[in-house]
Each structure stands twice: as C-alpha cells, then as structure tokens.
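Each of the next two complexes has subunit A plus one other chain: subunit B in the first, subunit C in the second.
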Partner chain A sequence: MKMNKRTFLAGTAAAMALSAGGMARAASHGEKLKVGFVYVGPVGDGGWTYEHDQGRKAVEAEFGDMVETTYVENVPEGPDAERVMTQMALGGAKLIFTTSFGYMDQTINVAKKFPDVKFEHATGYKTAENVGTYSARFYEGRAVQGTIAGHMTQSNKIGYIGSYPIPEVIRGINSAYIHAKKVNPDVEFKIVWAFTWFDPAKEADAAKVLIEQGCDVVLQHTDSTAPQAAAEAAGNVYTFGQASDMAEFAPKPRISSIIDNWAPYYIEQTRAVMEGTWKSEMTWDGIGAGMVGIGEITDAVPAEVKAEALALKDAIASGEYHPFTGPLKKQDGSDWLAEGETADDGTLAGMNFYVEGLEGEIPQ
Partner chain B sequence: MDLSAINPVLLIASLMVAATPILLAGIGELVVERAGVLNLGVEGMMITGAICGFAIAVNTGSPFAGFVAAAVGGAALSLLFALLTQVALANQVASGLALTLFGLGLSSLLGQGYVGIKPPATGRLEIPVLSDLPFVGRILFGHDLMVYFGIAVVAVVWAFLKFTRAGLILRAVGESHDAAHALGYKVKRVRVMAIMFGGACAGLGGAYISLVRVPQWTEGMTAGAGWIALALVVFASWKPWRVLLGAYLFGGVTVLQLNLQAAGLAIPVEYLSMSPYLITILVLVIMSADKSRAPASLGRIFHASQ
Partner chain C sequence: MLRLEKRRQPSRVWAWATPLVAVLATVIFGGLLFAALGKDPVTAIRTIFYDPLLGEHAFYYRPQLLVKAAPLVLIAIGLSLGFRAGIWNIGAEGQYIIGALTGAGCALAFYPLEAVWLFPLMILCGALGGFIWAMIPALLKVKFGTNEILVSLMLVYVAEQLLASMSLGLLKNPQGFGFPGSRNLQQYESAHNAEIIAGTGMHWGVATAFIMVILAYVLLNRHMLGFHIRLTGEAPRAAKFAGVVPARLIIFCLGASGALAGLAGMFEVSGPAGQVSIDFNVGYGFTAIIVAFLGRLHPVGILLAGLLMALTYIGGEIAQSGLGLPAAAIQVFQGMLLFFLLAVDVMTNYRIRIGGGPKA
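So, the complex of A and B:
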C-alpha cells in the first residue's frame, strides 16, 4: 500500500515536471499578448458578465493567434479579487480587464505591484499610471427606458430593482425617473435594493414583491434574467433587458433592453497595448459611440410610444439632447440644474443623490 | 411609507415558497449530520439537482419527472462524497468543499444548452372550496406540491429519528460509531444511506429554485443557498422542527424586508438587508440554550480496525 502511494506520487511529480516543461516551451515560442478578464458573475448569466465575455471573444476573433485570453468568473468583490488579479499578472497577462465596480481598490492595489501590466477597470473612478477606466453611459439608455415605462404603466407604479447604491445605479434610477415623469406626471417609483449583482432567487423575490405591491413595469439593475421570468409568470407586467438583450423574453414581458457592447473598446485597447500606444484614460461612451445599444422595442409597445422613444434615442446619440438637462432639483428640493443647463461628467460620475420626486433614502 | 401596500396573504404565501429550497436541503443535511457525517457539499448537490431537474423537466415536459431526476442527480453526486469519505477515508471537510466546487462546475457544463429556456410550469394545488377560502385558502391550500412535500419530509424525518428503530441506529452511529460497530451495526452502510438521502433532498431543493422559484436555468443560480442550509442545521441544533422554523424565519424575513423596502419604510436598507441572517441566528441561538449539542461523532472518520 505504502509502496503504491510512493510510486504514484513519483509518477505525478514526473508528469507535472513534464507538463511544466511543455508550458515553458510554449511560452518562449510566440510573442502572444496575454489578456486577462475578471468577471463578477458566471459567463452564462445572460446579462452583464455574458456581454463582457462576448467582448473577450471578439478580441480573440480579431487578433487570432496574436492574443491569448484568460478569464476567471464568479470572483467576489473583495480580497479574493486581488488574489485573482495578482495570479493573472504573475501568469504573464499584460492587459487585465476588471469588469465590476467593486474591484476598484483591488485593481489600484494590484496595479501598484505590477507597473508594466496595464489594467482597465470598468465603471470605476480611480485611475493610475497603468490603470485606465471605462464605462458606458447607461443612463442614456435608461432615459429611453423611462420614456417607454412611463407610457406603459397603468397603475402608475414602476418598480426598480437596484443592486448596490453606487453612482452608476443611482444615475440610472434618476434618468429613468426623470423621463418617466416627463411623459406621465403621476408616475411613482418603488425601489428595492437587492445588495447583489447576481442572485437569481433574490432577484426573483424582489420582482415578485414589486409586482405584488402593484408595479406593472419592473426595471432591473441586476444581472440575471430572473426578474423577467417573474414578470412573465405574473402576466401583465413589462420589463426591460438589462446589460444584455434578454430577447428570449420578448415580445412580452421584455419590451426593450439596454445592451452593453464592449467588443470595440476591448479590441481597441488590446491593439493599443500591442502597439505600445496605451495610455491611462477615463473612457465614458454612450449610445452615440455604440457602447450602449437599445434592444428592439417590441410590438407590445404602441407605435407612437415606440416612435417617441426612438426619437429620444436619436437625439441623445447625436448629442442634441442630454438626459440630465435642467431645470432639475435634488430630492431635498435644492436646485441642481438651471433651465437648459446640463450635468457635467464630474457630478454624474459621483452622483449620490436622488432627483426631486423620488421617495426613500439612498442607503449610505 | 405605505404599509397597506403589503398584502399579508401574499407575504405568507411567498415566504413559504422562499423557504422551501433551504428547508429541503437543510433537513437532508440534518439526517447526514445525525449519522455523524459533515457534508459541506450541499451547495454543489443543490446546483446539480437544479440542472438535472431542469434538463429532465424541459426534455420530458413533466415537472414531476424533473424533481425525480433532481433527487437522483443530487444523490448520485453525494455518492462521490460517500466514496471519498467512507471508502477512501478522506477528510470530510475537504471532500465536502471539493464536492461544492465540483458540483458548480459540473452543473454549468451540463447547463450549457439550457440557458434561456423556460421550464414547464409546476402546477399549483387547487382544491375546490378550500383554495377559495378567504385568507387561509391562499396560504394553506394554494401552493405547488413541493411546499407540502418539504413540510412532510420534516415530519417524516422527525418521526423516523424519534420513534423508529432504524432512526435509533442512525443516531447511535452518529453519536458513537465505535459502539454502534461493536453492536454489529453497519456503520458505513448507514452513513452512505444517510449521505444519499441528504444528496437527494439537496437536489430537490435546488430543483425547486430552478423549476418553481425562479424558474429558469442560470449558472450558479443557487447563489449560496446551500451554505445557508448548512448553517441552519447547526443553529437548529440538529432538530427537525427547528430547521422548519429557521427556514420559514429566514424566508419570511427575506421576503418581508423586500416588502418593507418597496413600501418605503424609513429603516436604513442595510439593516433590512442583514435582518434575515441576524433574526434567524438570534432566534435559533436563543432556542438552543437548552442542552442540545452536536452528534458526538460528527465529522470523525470511522474505520473498523481502529
């Protein structure tokens, strides 16, 4: 018995040595650029992480043998993320995309230790010499969503499932509310914070609760399609795809969607690193640049509402209209934007207040 | 704040739904632990059950077949754990953790083709007259069968452990496997059977999430429910009815806090959000102030020669 174990161990060691040698050979062979991706959810979530992974695949398709991509999914936003990033950098990745807001400090920390590795952090606001940030102006899509939602609600109650109270989510709530209110002055928002990006059971519960309390349109800022399924089961409730098209729930309950399109950006940044032209930047693109897409508005939406929504989309895309245009007040009644004034990016990036008319407090 | 927006009937009805997955997984793990085995793979068995049940329900069109498949799938995965810990005498904690990781990976592999598909609807119990009773009708008689099945399993496990000879043997194995062995009981056989029962229950709990509560397949969809079930068993001090109480408390506060948020209650959301964990633990810890303790052989490896 013991003898067996020893020979087994020796065999494993030999096998490991062999495979290590093989890997070393492969590494010295080509000049592949290694690109790492850190995901907060599973690639099969059908939402946020799914779209980032589509971007990763686009990078592979674009550069073929010149790149090698790796990814780690389901990485919690905490110390674990730092470990995963360190591992990637040690594994030879020269460009690492960290794709969730909660990786912000971890990205900065790890970037300090690996000055020759470039980091790209999604939706954050901290940069460094070798850390750039990128985000999409989802709030532009939320404006279109809010317009449709305001028209579609019969009960005048719109539910909103928030993930975490961070500026990105708060911007979305404000933008959706402003535009729903514009077309329907009686509209009221019920906001539930799930404190998770991805937990289908909890998201389903949140959607059910909102529906039970009379909401007939449910917007979500969480990553799974569970709220869509809950809305479908409930019957006369409308939803919007979040981050991904979620077209499997069209034409009802899903009547439109916000689609994140990261592929062009990922390709561009990978090329910049290859050519040595990469710089730390804060990229923030919207509908105009194609980073935010509006999914097909289905026939469940009346034609004139659809036309109005598409006109708004075009106006935003051309830069003619800004979703945060005054006059706007903050929730406490103080003035924020004067007539015709538009919000500057600094305020939007750190947005931590509701606009006038929204009820409830933002968890701090 | 508008508390009248909360409908108590719907609240109670939905808490029973929210509690069923952890109730099923918890009662299964309770039996396993009473037999002296600590299986930390509940999460892995739940998610495996979730995809097995989902796949079979979609392919056959029958939710019932789905649930059967989920139980079989969970039990099959738990056999791997039984093999490691009862035959190879591996460390139970490590094997259980490995089982969770394995189950998560296996399920996402099996689930590749099932993303975005809708499962057949699981029917609700409709009893004429009774289901239409005001208030109690919807709460007591308006659920899918699995909700009642969960409660029935708790009752059966309780009666089994308390009144039957087989239950006594199982407890003896969990308290002192050496003594049980000396008396001629088959320690390993009892434990393997307990482990498989636990796996089947966890599988059912997982399938309840993918077929009824959510209902769809998404990778990693159990999102920690297995760990909550594990904690529930400990805080319930290994007593069946307390697992039921704990599961309903946890499910109840989870649903209630979402309701309070939607109604705009002026309590900071952070407190509401942590309340299910806090309240459940608090109540169960207070209740376990009596002399209940863990099965004496819990987590210890048994080999007949020692």
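So, the complex of A and C:
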C-alpha cells in the first residue's frame, strides 16, 4: 500500500517533470503554465490578501493566454493549507505562491512530494531546492510612517495594533518608534496585540481601546480597514493604510499608507519558471526595488512634514540611509548598534527585542 | 391553510428520507446559486460531491476525508452524550486546545527521547487535559449551579490565550529563530501520530473516532448509564424516580466530552497539524456541534455527518481553485445543506395538514 501510493505520486511527479522540461517550448505552443495562489484572508480584505491578488491579476495581464492562475482564499494555517497546496499541484500547477508566514512547514512538506513544482513562500525562513522565499522590507515604510506620526500626534501617544509578535511585526514597531521619537522626543507608543492577521471585529476593538487611551495616531499591522473606520468614527485620529492603500479613508483619517507591491516579483518569477531559469532564492526587497510603496500623503499633513517624509523615503530608496542606524540601544539599555553602524539582515530577520524607550513586553 | 401536526411516533420513512431530500434540495438550489455566479452548475456540483470521492485525484482526497472528519466525529460523539441529557457543553473548542497543549507538552518535555511508551502517555495527557478543562464548568455547575453553556464557552477564550502564550513562550521551538510555534512533532518519531497504514489517512485519531462511535452506540443502547442519559433528556421527572443522580450525570457527560475533545486536539497536534501554533484551532469544536445535531445525536449518524461535512470542505476547496468559485459561495452552499437538513427534519416528527384540523 505504502509503495503503491508513493510510486503513484512519484509517477505523477515524473510526468510533470517531463512536461516541465519542455515548458519553455510548450508555452509557445499554447500550453498554459498553471500558477496557484494560497491566501490566508479573503481577496476582498482590502489589505494583505487583496494586494497578493492584485499581483495574481498582474501575472494574468502580463502573460495573457500563456498562464492560467487559480487561487483559494481563507485558507487556515495548518493541515488545510497542506491539502490546498497538494490539490493545486495535483491539478497541474507548476508554480505556487503561498502567501502567509504560517504556511511555512506545509509548503516545505508539499514541496517534498512534488519536486518539479516550484513554490514561493512569503515571509518565511525555510527554503528547499524547489522552495524560494520572498518578503518585503516593510520596516522601510514604517520609518516614513513613524516620521509622519511623530509630527502629527498632539497627545504624544501613538497606538499600534500588532498582529503576532513575530520578527516582521517587531521590526515595524521598532522602526516606526525610532523615527517618531527622532522628530518628537516626547512620543510614547501603546501596543495592542490582536493575535490575528484579519479579524475586523477584533481590529476595531483594538483601535477603540487605543483611542480611548488617548492615542490620536493609530498604526496597524493587521489587514482589514476596520481600524480606519473606528478612527473615522472617533474623529480626530490619524491612521495609515496597511498593505494596501486604503484610499477610501483618505484624506482623513488615512493620511498615508504602506503598499505591498507584489506584481513585479510575481511576474518575474512566473517568467523564470516559463523559461526554466527559476532558482530557489531568498528575496527581501524594499522601497528601492518597488516592493514597498508609500501611498499618497494627504493634505491633512502639513507641507513641511510631507516634504521631510518624502526626503526620508528617497534616502532609503537610494540606499543612502538605513532605518536601523546607530547609535541604538535595546529596551533593556544594552548596546545594540554603535554610532553610524547599521543593522545586518540576520539580526533583522530574527528581531525579537524592542529598542530603548518602548514600553511593555513582547508577549512570551 | 398549512398546519404542522405532531406525529405520535417519529416517522421512520422520513428519518431515512430526510438526508436524501436535503442533499437533493441543496444540489438544486446550490446549482442555481452557482449558475447565478456564471459557473456551470453541473460541473460545480460534480466537483464538490464527486471529485473528492471518485475523481481523478481521489486517491489523495479519500484519505483526507478521514483526516478532516476524525476530529469532528470524535468531538461530536462526546458532545452528543451531554446534548441527549440536556447538558450543554459549548466549549469543546477550548477542551480541544487544552488537549493539544497537554499532549504536545508531554511530548516536548521528553524531547528528544525516543520511547514506545511516549505516544500512549501523550494520549493519556491529551484526554486528561480536555477532561480537566471540562471539569471547571462541571464542578461549578454541580457546586454553585452556574450555567455550563456560559462557563464552557468563556473558557474557549481563556484556552486561546493560553495557546498563544504557549506558542510564544514555554513551548516555543528553541531553534525557531524567535518565531512563534513549537517544534514540529512530525519530525519527532516517538511523538508523531503517523498514519497506521501510509497513504490511507488512517492515523490513530481516525481509529479512535471509529472505536468511539461503537462505544457510544453500546453505551446508549446496552448500558444503564446510557439509559439514564436518554431518560434525563426525554423525561427528567421520570429520571429522578429512576434514581438518576443529576450531579453524577453532569460530571460524566462534561468529563467524557472534554476528554474526547482533548483527544481530538492531541491527535491533531501530533499528526496533521504537527505543531502548537497560535492559529492551531480552526473551529472543529464549534463545527462539531453542528455535526452532532446533523447526525441526530446518534453515533452512526454523527459518523456520516462528519464525513459529509468533510466532503463539503474538501470539495469546496477544489471548486475554489478549479472553478474559481469564491469561498463565500462555498460557505453559503454548506449553510444550505445544514438548513435543508434541519428544515426537512421537521417531517420526521410532524406531518403537514391542510385545513383547520380537529377542534381541540
């Protein structure tokens, strides 16, 4: 029994290998490359998943009849994700994008069973021969956001809705705080952990709690527009679009945004698979490469603040300035970066500490 | 005028016909829904019901049906005991989480020791964890008369907080680069709830679910305790005269459902899920309530209901990626199935009469 199933899978895989070998040629003969996308939220979340789906549509627009894309939305991070990926691979997908951190082990598991299908896992740290990872340097955008937030707050209290205390989110908090503090030494951060990526009710509650505590700027690392709506209802509170522009809340409360732009990357990887040049890589791009975009800074922001923010954005894009530049200390007062020193990617990738000045503890 | 009249005896014909009529109605109205969305209704229905069972890749989906149904059946069997006696454990999700935590915690405490007794010990710990979590509402009800529905439900949120705290702290993988989540038990041989026969989906949780279906059937039909459970639900006053001690029954029903939910969590975390993570629970404890009622609180019915739910989940995913149906349409389709089942179920206990009927 064991052997039968194994060999069956291996057989399927071998058949796929044969067809993949002739892919570049086959594509021009009208055989479509199937590309699958696994989403953690609904495509209409207006945030994270929405932007990944924009990337998928860009792939379709770019390659037209040469590709066929499929997606499954609202996939929980667990055994269900493994089944969805397997099902896509069985259905003939040759390239699968798994777009949430929690799909990491599942992606690796399924990739083992389908050595000739390429997998691209967002924001993870495990790779394999046929698994590459990609993520964006959101913290670069957070630096710009922190600068604006530091200027805009009247109460000197800035709220932050965290999703999960993983390095990606902690980096964002640190980066925003460092830059808010730079322009406003009295600034104070209040952080609420929602323990979800997408849950409009919980996100709205978190925003309300922060607003009640006197925060007049609320940053979010969750995907829905619920905090924007809560800020709008409260009145004098500013917010930033997260993952997507969330322009429907401009010019106020939303005064700018961080936009994830996956389209160029998805197109590039799809082309690489078509041409047979795909390699497993760990991609981590920021504002410079266009993966992180800063949404329009609205007129609610004074012109000089806007100019300062855009100058910072340009400095980061050109590589002239790194958002984590010393002198910086850790929360416990120990030294982290010396004067002029910049953080290395290894430390950033596993960041699990707050910088000096932030209050509270990272949930343990 | 249409009027419902209670049958003296539940109709046997309708008891059997209900599921078929409901499925048929779902197929018709679901098909209309899919057609309205611009998809071919025949293809869509075939994708959901036929492809996972007999389609091209069914060799992969059939085992997955068991994997998906096992926790639902295991939890629903436990819940059905209490539901029959009017004891409402709504917090199986929490007991499921705690069972997973105690089971995985036991394994991780011994990591990397390889021993044959480890897995049996984990099973024990998982069941015990769920049992203890269910004892909180049970004892509070017996001692202070609190409402077990509220207490058990609220404890779900407590369990979720505990799960997050464990994923980020005590049980966090020390080699996980600071990311939340425990070690993956699939890579720890002694603790891995592997398939008993590879490729069949038959892991120990599935086997346990089947055994529990049989045990529950025997308990309810051949055992004094089962008789007491049924009697308490159907005729509480008679039960009192028959010498049923309510406190004991509460402890038994909540304890048993807690232990089974804990077992389900333990089998899931050590098998298909592999690790304790913040998002470990995906609602099996709540879906199992639907499964229990869908199966009419009968062990065999629950088994079939669990498999049917699993089928709509898996078929629904195939329809999403294969046909581009939105997830919401699939949820509406699942909802329809439940709605029609419960609606048609009325026919088992009532008959439709036209006209005024006899004067009282």
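Please note the rule applied: the second predicted complex is superposed on the first by the 334 of 364 C-alpha atoms of A that agree within 3 Å, B and C clash if a C-alpha of one lies under 4 Å from a C-alpha of the other, contacts with A are read in each partner's own complex, and residues count from 1 in each chain.
To be clear about the criterion, contacts are C-beta pairs under 8 Å (C-beta built on N, C-alpha and C of every residue); 3 or more make two chains touch, one makes a residue touch a chain.
The structure presented is a predicted model; accordingly, all values stated were derived computationally and were not measured.
For the composite obtained by overlaying on subunit A, subunit B and subunit C cannot both be accommodated without a clash. Looking at the shared chain after the overlay, A:G159 reaches subunit B, while subunit C stays out of its contact range. Of the two partner chains, neither subunit B nor subunit C is touched by A:V355. When the shared chain is aligned, no partner comes close enough to touch A:V292: not subunit B, not subunit C.
Contacts of A:L219 after superposition: neither subunit B nor subunit C is touched.
Contacts of A:P76 after superposition: subunit C is touched, whereas subunit B is not reached.
Using the contact criterion defined above for the overlaid structures, shared-chain residue A:V209 touches subunit B, although it does not reach subunit C.
With both structures placed on the common chain, the touch criterion links A:I96 to neither subunit B nor subunit C.
When the two structures are aligned on the shared chain, A:V187 is found in touch with neither subunit B nor subunit C.
Looking at the shared chain after the overlay, A:P42 reaches both subunit B and subunit C.
Residues 42-43, 74, 165, 195, 363-364 of subunit A contact both subunit B in one complex and subunit C in the other. Across the interface of their complex, subunit B is touched by residues 41-46, 74, 159, 165, 190-193, 195-196, 198-202, 204-206, 208-210, 212-215, 224-226, 229-230, 232-233, 248, 359-361, 363-364 of subunit A.
On the side of subunit B, the complex with subunit A involves touching residues 5-7, 10-11, 14, 18, 21, 108, 111-112, 115-118, 209, 213-216, 218-225, 254-255, 258-259, 261-264, 266, 268-270, 273.
Per the touch definition, subunit C reaches subunit A in the complex via residues 57, 59-61, 64, 67-68, 160, 164-165, 168-169, 177-180, 184, 186, 197-200, 268, 272-275, 277-280, 282, 313-314, 317-318, 320-322, 324, 326-328.
Across the interface of their complex, subunit C is touched by residues 1-2, 4-6, 8, 36, 42-43, 70-80, 82-84, 86-88, 90-91, 101-102, 105, 109, 125, 164-167, 195, 349-352, 363-364 of subunit A.
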